[in-house]
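Per-chain numbering from 1; labels A, B, C and D assigned in written order.
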Amino acid sequence: MDFGSHLIQQLINGISLGSVYALIALGYTMVYGIIKLINFAHGDIYMVGAYVGFFAITVAHMGIFPALIVSMVVTGLLGMVVERLAYKPLRHAPRISVLITAIGVSFFLEYGSMYFVSPTPRTFPRVFETEGLTIAGFTVNGQQLLIFAITLVLMVLLTYIVQYTKIGKAMRAVSFDTETAQLMGIDANRVISVTFGIGSALAAAGGVLVGVYYNSIDPLMGIMPGLKAFVAAVLGGIGIIPGAMAGGLILGIIEALVSGFISSTFRDAAAFAILILVLLFKPSGLFGKNTQEKV
Amino acid sequence: MLFGKRGRRVAGMLLGTMLLGGVLAGCGGGDKAKSDEIKVGANFEMTGNVANYGNATFEGLQLAIDEANAAGGINGKKITLVKADSKSEASEAANAATKLISDDKVSVLVGPATTGSVLAEVRIATDAKVPIIAPCATSPKVTVENGKVQPYVFRSCFIDPQQGDVMAAFAKDNLKAKTAVVYVDSSSDYSKSLGQVFKEKFEAAGGKVLMEEAFLQKDQDFKATLTKLMTANADVMFVPAYYEEVGKIVKQAREIGFTKPIIGTDGWDDPKVADIAGKDALNNTYFSTHYSDKDESVKPFIDAFQKKYNKAPNVFAALGYDAGKMLIDAIKRAGGVDSEKITKALAETKDLKVGTGILSMDANHNPIKQAVILENKDGDRVMVAKIMPK
Amino acid sequence: MKPLLKASHVVEMFGGLKAVSDFNVYLEQGELIGLIGPNGAGKTTAFNLFTGVYQPTSGEIEFDGQSIVGLAPYQITQRGIARTFQNIRLFSELSVLDNVKIAFHDHVKYGLLEAVLRVGRYTEEERQIERDSLELLKIFHLKDKAYETAKNLPYGAQRRLEIARALAAKPKLLLLDEPAAGMNPQETQELMEMIRWIRKEFNLTILLIEHDMSLVMGICERIYVLEYGHIIAHGTPEEIQNNPEVIRAYLGGAS
Amino acid sequence: MNIQRKNDLMYLVLGLVIFGIVYGLMEGGMIGSFWKLNIIIICINIIMSASLNLINGYTGQFSLGHAGFMAVGCYVSVILTTNFHMPLIVGMLAGGAAAALLGCLIGLPTLRLNGDYLAIATLGLGEIIRIVIMNINYVGGAAGFTGIPHLTTFPWVFFTMLVTLFFIKNFVNSTHGRACIAIRENEIAAGAMGINTTKYKVMAFTIGAAFAGIAGALFAHCFYIINPSSFTFMASFNYLIMVVLGGLGSLTGSVAGAFVVTALSAALASWPEFRMIIYALALILLMFYRPQGLFGYVELTAFKPFRFLDRTKGGRE
């Protein structure tokens, strides 16, 4: 393989990896956008989504798409329950307390599922043929294409929801100023709840797709992707939906290129280093607007 | 009003502190060992990154102990396993070992599964003169430090140089490979040290390692590095790693079109590898391990495990079971719970029949046991070589 | 004598918008000057330019004979300009006393080691700071509230605390941004007395932004009027009151 | 002798009394080696949480990379004590100095960032430090550094902890500390009061890092081996939990937070299956009932029964 085609193959690998990050980052960024909470439990919600999908396929013998829907619904509800029980009572507490609660929820989901489903990894049954497609000498996997396509569709759908629907307008209003939004007759609690639901459902979709693609799920599978997705969201400008998508893809590509041309042991370090460099020059991320505090 | 609120807050805080103090005091004492039981400390990775390996090893150990207790115990005494969690972290392993020794007063420690965690408890156990059996810590330095044998540390698995040597010879002689690439898990001592031994031995035998790359535990996507490794065009890829990652690596390597043989070590020995990678992808892969499941002498263990846990054992469970067998045998010969006597008996283990074969302890506290090389073929494992101890 | 503060041809652009243009102001030592204008005229922007929060796009600002363009806010404060804020910016979780103590920062001589080991100049200076802070609080009728949390003070008291805190920085020039906002007429009257008194007592030069015309006309010696970033008038209170441009700007009507 | 000196002396005596009791119990065999080890870990965690509190609580800069500085102190000290046979104190000082230097270098550019952006940047830096250590073969890489002499004893950690607490207490009660607190409260107003905000942010970050490095040195010499997996971002979270649980900006809070978290984890060691689940629930419930932490912004001495400990704040309520 010559340098050029190696590069292109690595870009393909990077985009496929990046779409997974982007998918999780979308939910992250939505939740952050509305209540400015770094929901560290998001990665674990993604893990729960993968397990729900797994049990839907293996125990309830569903097909992949019904399982995906079931997982999104169940996990979406879980997200709303978590928000209702753990975050809502702290709506007026210092932000850092909510963050600690999020870490607590994250631990609870991780270790709870370790207890209930055991730490042994589970393997998804084959639901797709895993033939690699070879296009012009480059291998692309059908599932990679599927994940990329689904991420893209979800991003467009989300942007549409946030920009043009009633609930989306309410979301933006709540995000901008919760109290004023409430004065305008918006039920902020319901809007926040719905946002968590949508965000968690997205994470679940990511979980199932990743489970199918990599074929192995375990209770700690959410930690690293969760962190990476957060990095992706910040890279793109947290709270901005296309930013999360772009951030995810950029992060994936960086990782693939570092692994492919430098050394995979420095992959994560390079990803973080680039994040920090970007922040130093664009303190609110690539797509973020620099807002100066009014004096 | 303000005062009342303050007062309540102070009261609440003091109450909380006292409650914790109570817990502290309550746990300080620990139970005295009852005379009709033998306490064995099981210090394993119950949670954290390598929890699945720790738990599997514990299951094997539990099976061995249950069998012994069902058979009436040892000299009428039952063995009690006291569990502690090392959280997959060295400092926590030391903490858990201290608890087992000082609070629970165990006679022997078994575990943890990984080398780093075992090393962290060595000195604590040595100071307390309590023997350790490490079921699957494969680094030489676990039992021998700076040329000196650790008097209280034993293991039930073979050591890295042995396995690396076997696989280097296999790659060179059986697979006729001239060039190789090595892909290790850089968060694992086991994997890194095997990679190094393989490279030395393979190059000493005239082969050439063209590229060395590394991944991290819990990685999901290996395609970027695999694509890079493929550019080397080597005859064989050596992946000394644990099954969770191995499954994904083999699957993804085949997806990007790597058709050459992939070889590995006993970390591969788990039915999950076939589930994750798929049996077609797993063709043309080989790994060394402790036993073949076709072996008649291993059958009783596999059946018993299957019956108890309703799943096939993996290599960790097998080594945990072997550690249990070693322990039971040593306690029997020591004739009691005295840690010193058990240590001595462990060192004198000879021709003991364990789950995976026959085992004797050498002067460095490493077991002398057979190794086998298995080939994955259409979802089945075929033994291609059996290497008896020299 | 050179003026204490002199701004010449200062321009400040935000994107394409000129917030302040060709802004010329001078303040003589010891003067009490008012800066008035309709909302959005650029008064606070002018303050932010003087204190280094914004940097002028072009033009020159001199303080005490030296240019202060390019300096950070803390450096300008150290040279002798202190300010209050239109939207009160107290250290709200801290006690009233600590709010004032913090502002003595630049005049403390003891070092990190002295502070940590509590040796050398530490004890004496801390005692001095405490004394001076309480003294300042007394002037602003806040002494009995010294240990209360700043955010719990009534609005008028918070405004007074901001002035007290600014004085603790020992400035030569004090910039007051709407000091009487939210005060009732009686409080305003008291504040006026207080401003006059501190100017004399601390030998200060004061520039204040205010909407309350009775206050401005009552105490200022000269007044600048800003509209759309331009100075449209400048003079004594009487002159300003009779200036047609000012009347137009404030009351509207065809120009 | 003035009131402040008297106060310091009283704290010192109180510290010595606590030391005497605990040490006596240890030597007398009333505290077994498990709790002995955990008391040492509690002291180390107190150093960690107090120093993180200086950054997060007092200065208001959201740092999530504290474990990284601990790692630097840890590795620098073990190289000196193990490979060059230096005494522990040299290792501690060198470890603290190295962490401080790194903290200063890292702090200068990154402390311009705000809030959550700073959090993710520091988290990233902590991870970079860990990954770099993992790739240095001289210190054992991922497998860890072995053969470390066991030098950490209870007197060592207790008195280091005492020094740390005194240092931070005196620091925050000086003009330098007040400058840091002013930055937390209102950065723009702090600048307008003549405070060089960048300088004090970096100073707080550097001091915090230095103590984390010293804590790291003590931590390393508790065990025979250290490895990079002890310093992941999860460890940084753990220290953050201690700080928030105790109360941001309260030193007594940091002590209580470190004590509660460590003791809870040790007390639950006998139930390994449920330990982390209970811990997670306890965390959520505590945040429910005391979102501002056990102590909020106030010290123990602000409460009536303990006010005798601090006579400097005469008229406080």
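What we mean here is this: contacts are C-beta pairs under 8 Å (C-beta built on N, C-alpha and C of every residue); 3 or more make two chains touch, one makes a residue touch a chain.
Keep in mind the model is a prediction, meaning the values are calculated, not measured.
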Centroid comparison with subunit B (C-alpha atoms), farthest chain: C
Chain occupying the middle, per Cα centroid: D
Pair exhibiting more inter-chain C-beta contacts, A-B or A-C: A-B
Whole-Å gap separating subunit A and subunit B, where each centre is the average of the chain's CA atoms: 34
Subunit A-subunit C separation of Cα centroids, rounded to whole Å: 48
Computed distance of Cα centres, subunit D from subunit B, in Å: 34
Subunit C and subunit D, separation of their C-alpha mean positions in angstrom: 40
Shared interface positions of subunit B, touching two or more other chains: 47, 49, 186
Touching two or more other chains - residue numbers and ranges from subunit A: 111, 114, 223, 265, 268, 295
Contacts with two or more other chains, residues of subunit C listed in rising order: 53, 85
Pairs of chains, among all present, that meet the touch criterion: A-B, A-C, A-D, B-D, C-D
Subunit B-touching residues of subunit D, taken from the complex the two chains share: 30-35, 37-38, 41, 134-135, 141-144, 146-147, 150, 219, 222-227, 229-230, 256, 259-260, 263-264, 266-267, 269-270, 272-273, 275-276, 294-295, 303-305, 317
Contact footprint of subunit D on subunit B as seen in their complex: 2-3, 6-7, 9-10, 13, 16-17, 20, 23-24, 26-30, 46-47, 49, 83-85, 88-91, 94-96, 98-99, 101-103, 115-116, 119-120, 122-123, 139, 141, 145-146, 186-189, 192-193
Interface residues, subunit C side, partner subunit D - complex: 51, 53, 72-75, 77-78, 82-83, 85, 89-94, 98, 101-106, 108, 110, 112, 115-118, 122-123, 126, 129, 146-147, 165-166, 168-169
Complex contacts: residues of subunit A adjacent to subunit D: 32, 36, 38, 40, 86, 89-90, 93-94, 96-101, 103-108, 110-112, 114-115, 223, 227, 230-231, 234, 238, 265-266, 268-269, 272-273, 275-276, 279-280, 283-285, 293, 295
Complex contacts: residues of subunit C adjacent to subunit A: 44, 48, 53, 85
